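Pasting in a structure now, in structure tokens, and then I'll have a few things to ask.
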Amino acid sequence: MTASLLQIDQVGKRFGGFVALDGINLNVAPGERLGLIGPNGSGKSTLVNCICGTLQNETGSVTFDGRKLDGLAAHQRTILGLSRSFQLPRPFHSMSVADNLRIPLLYAVKARSGSHLAADELNKHCVEYLRLVGLDHKASRRPRDLTQVEMRKLELARAMAAEPKLLIADEAMAGLSHSEIEDILKLLMELNARGITIIMIEHIMSAVMSFSQRLVVLVSGRKIADGDPAEVVRNPEVEKAYLG
Amino acid sequence: MQSRTFILAVLAVAAACFAAAQLVSNDYLFFAGYTVLQFIVLATAWNILGGYCGYVNFGSAAFFALGAYSTVFFHKTFQMPIPLLILVGGLVSGIVGLGMGYLTLRLRGSFFAIATLALAVVLQTLIVNWDYVGGSRGAYIIRPNTISIVGREVPYIEYLFFLMLALAVVAIITARTVERSRLGFGFATIRDDELAAEASGVPTLRLKLIATTLSGALMGMAGAPFPYYIGFLQPQSAFALDYAVNSIAMPMIGGTGSWIGPLVGAILLGTIQQVATVTISSAVNVLIVGVLLVAFVIIAPNGLVGLVQDLMRKKSR
Amino acid sequence: MDFPFELLINAVIAGVLLGGFYIAVTVGISIAFGMLDIVNIAHPAFIILGSYLAYILNSRLGIDPVLVGLLMLPVFYALGAAVYQVYYLSFEKRGQEALRGLAFFFGILFITEVALILVFGVDYRYVEASYIGPAAHFAFIDLPYRMLIPCVLALAMFAALQLYLGRTFVGRAIMAVAQDQGALSLMAANPIRIKRIAFGISIATAAMAGAFLIIIQPVEPSVGREYIGRVFAICVLGGLGSLPGTVIGAMLLGIVESITATFYGPSWAPAVAFGFLLLTLAFRPAGILGR
């Protein structure tokens, strides 16, 4: 059995008296396409935050690539190869679109490889990522000049520019049109084909179903289902959580 | 503009300033000029943490005073030439900046700002109660009339002016170099969105500590020659609120985005204040600064530099 | 040498009375910073303004300072609402409150102090009232009325605010906006209006606090600066957003300051608050009752 790339062991998190995460166990294999769904407030974002280090989990541990992440700052986790896009895009407004992508290259990738990327190498990488998301014609514009869709693409591109082993796409498709969703799906599939493990958090069931090899359902901070997507959706508890 | 060209240009301008001052050879010009140059250093230093990283420091006076009082301390224990005192002042302030940053930078920006206020008062209370450096009664530093440099007898105030000019040059070159470096990019991400910066691999705490240390050190260096300039150092003058207000107002009015803003703000406001102090009163001049700060912050958040940039953008359309 | 118990007990009691006064000074910031996330470092400036108004009306018309405070409540409320409106339009809306909002309040703090110096000069001003001077005595315990009355009234003001926040619709909306602005707009309440009301209340408390201040001690324009640290120290110590925490923080600070002043001299007192603040921020930023 292949060792998990990401191992989440009994992770728990509370906010005051409110239990956001209650003993979550989850293993993600390298190269896997995992879908994570659940009603609003079920703890999906909290889980992502705990994995990525934006929040620290109180109980349990998160192990990535054989390394325990507990206590590590978010930037250190990114350097190790964990990357995420934010649900609401958070671009760096004072710099151009291209420069937004230079940041993870200048910091995460450089710290990982230890060597200094020459300026033209850097630009080449930026342009490549921008082309991948279809934003190369807006390379020198500011984020405020982008449309909603373009901002989401920039958000994903920036997460990709950190050259992760595992990418968490947090509701990257919310509010997009059908063809735009197709675009993002194609992009994520291509990234996966290159070997990047992907966790997709989504509400758009059609996208989740066509993308995921495995589906995990979170309700009220607990994992209630984990397995083959087709079987999971037929699970009565899952139906209840969404329709009941 | 290439960095080397810029450095040469700055040195040329500085040399021209110094030569011009020599030609006029009015003592008052040296005194007033020293003050303006001091503000250039303080404003530029503040902007490294405030404008580039977005972390407001209300305690500029504390770092400035630390530089001044370390000079007093060494003047009493172990005489040293001023350039060395400047380095010492910078070191002391830098270390305190680092320490304070370590305690408070892991929290939100607003907490840091409040902590800087606290630091200023704690430091002032400590100094007021420390008799060795004069306490609340103050300390006298006799300023010699002249100093001999390469055989020539130079009036002391010219010497101080020259030192502060050199410091201003250092501050501006440092600010510009940082701005254009990977470090400066990192600073900008902290200002724009610290959470996203962390997620992109930027070690935000480390960068913020660097900014705080650098900013504090420069302010300490600006404060080190102050006892010689003023002759009699009291905590009230070293910790005066003016320093805090001016080091914030000058970059905010000039423009916080680059090294140009603090320079413009310092020269403009510094000159206005010198004129106002002489013509009206010193209390009114400080009131003007406060009013301008509030006005600019509401109406022209990008400062004078921002206004000029907007104008140029409109013209090019 | 026997331990100066009487001195200690008097210091503690003086500290408690001081703490009561500190509650009045801090409750405004508890609302503005603790609940609305507005770092109003100019709050002490409003308090000093209240003190000077009490001075003017007391010295010219002989009105009791507490009465002045009450009369000024609606005036300061309106002032607070106006200031919030400017703050919201200039900074909150544009997302600039971190840097520019702070600079704005700092500017106001500064302008107020300098303006007061220009108008009133740096001499200490005080008010006159029948209860300033006499004190109650119980054995060796001294209870100066000028400390006792503000303390009692401050606690009353605090209790009234607690009731308001807990029992009225607007009050509960204010508590809600502290937690989640989005949820509030779903409740069909305009969050901006609620915040404006809250900030107005915050500044209104400064009117009373100002009256209390000038009863307790003579004031001059730079006195406000000492209070910046105290106010935030108490807030952070007690826990942001927790009004009961403010009480605990205020009492703690009052007692420690009083003991320090009694045994080590008053020149060390300002450092106490700020020292507390730095320590709390460094080791337990959530405070005692923080959320």
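As written, the chains take the letters A, B and C, and residue 1 is the first residue of each chain.
Definition applied: a residue touches a chain if its C-beta (ideal position, glycine included) is under 8 Å from a C-beta of that chain, and two chains touch if they have at least 3 such contacts.
What you are looking at is a predicted structure, and each value in this text was computed from that prediction instead of being measured.
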Task: Drop chain B from the picture, leave everything else in place, and list the groups of chains that still touch each other.
output: A | C
- prompt: For which pair of chains is the number of C-beta contacts greatest?
  reply: B-C
Field: Euclidean distance of C-alpha centroids - chain B vs chain C, Å
entry: 32
Chain A and chain C: spacing of chain centres that average the CA atoms, whole Å: 45
- prompt: Which residue numbers or ranges of chain A touch two or more of the other chains?
  reply: none
Field: Interface residues, chain B side, partner chain C - complex
entry: 50, 54, 56, 58, 100, 103-104, 107, 109-111, 113-115, 117-119, 121-122, 124-126, 128-129, 136, 241, 244-245, 248-249, 252, 256, 283-284, 286-287, 289-291, 293-294, 297-298, 301
Task: Can you check the complex and tell me which residues of chain A touch chain B?
output: 52-54, 73-76, 78-79, 83-84, 86, 90-95, 99, 102-104, 106-109, 111, 158-159, 161-162
Message: Quick check on the complex: what are the chain B residues that touch chain A?
response: 182, 185-186, 188-189, 191-193, 195-205, 257
Message: Per the contact definition, I'd like the list of chain C residues that touch chain B in the complex.
response: 33, 37, 39, 41, 86, 90, 94, 96, 98-100, 102-104, 106-108, 110-111, 113-115, 117-118, 225-226, 228-229, 232-233, 236, 267-268, 270-271, 273-275, 277-278, 281-282, 285
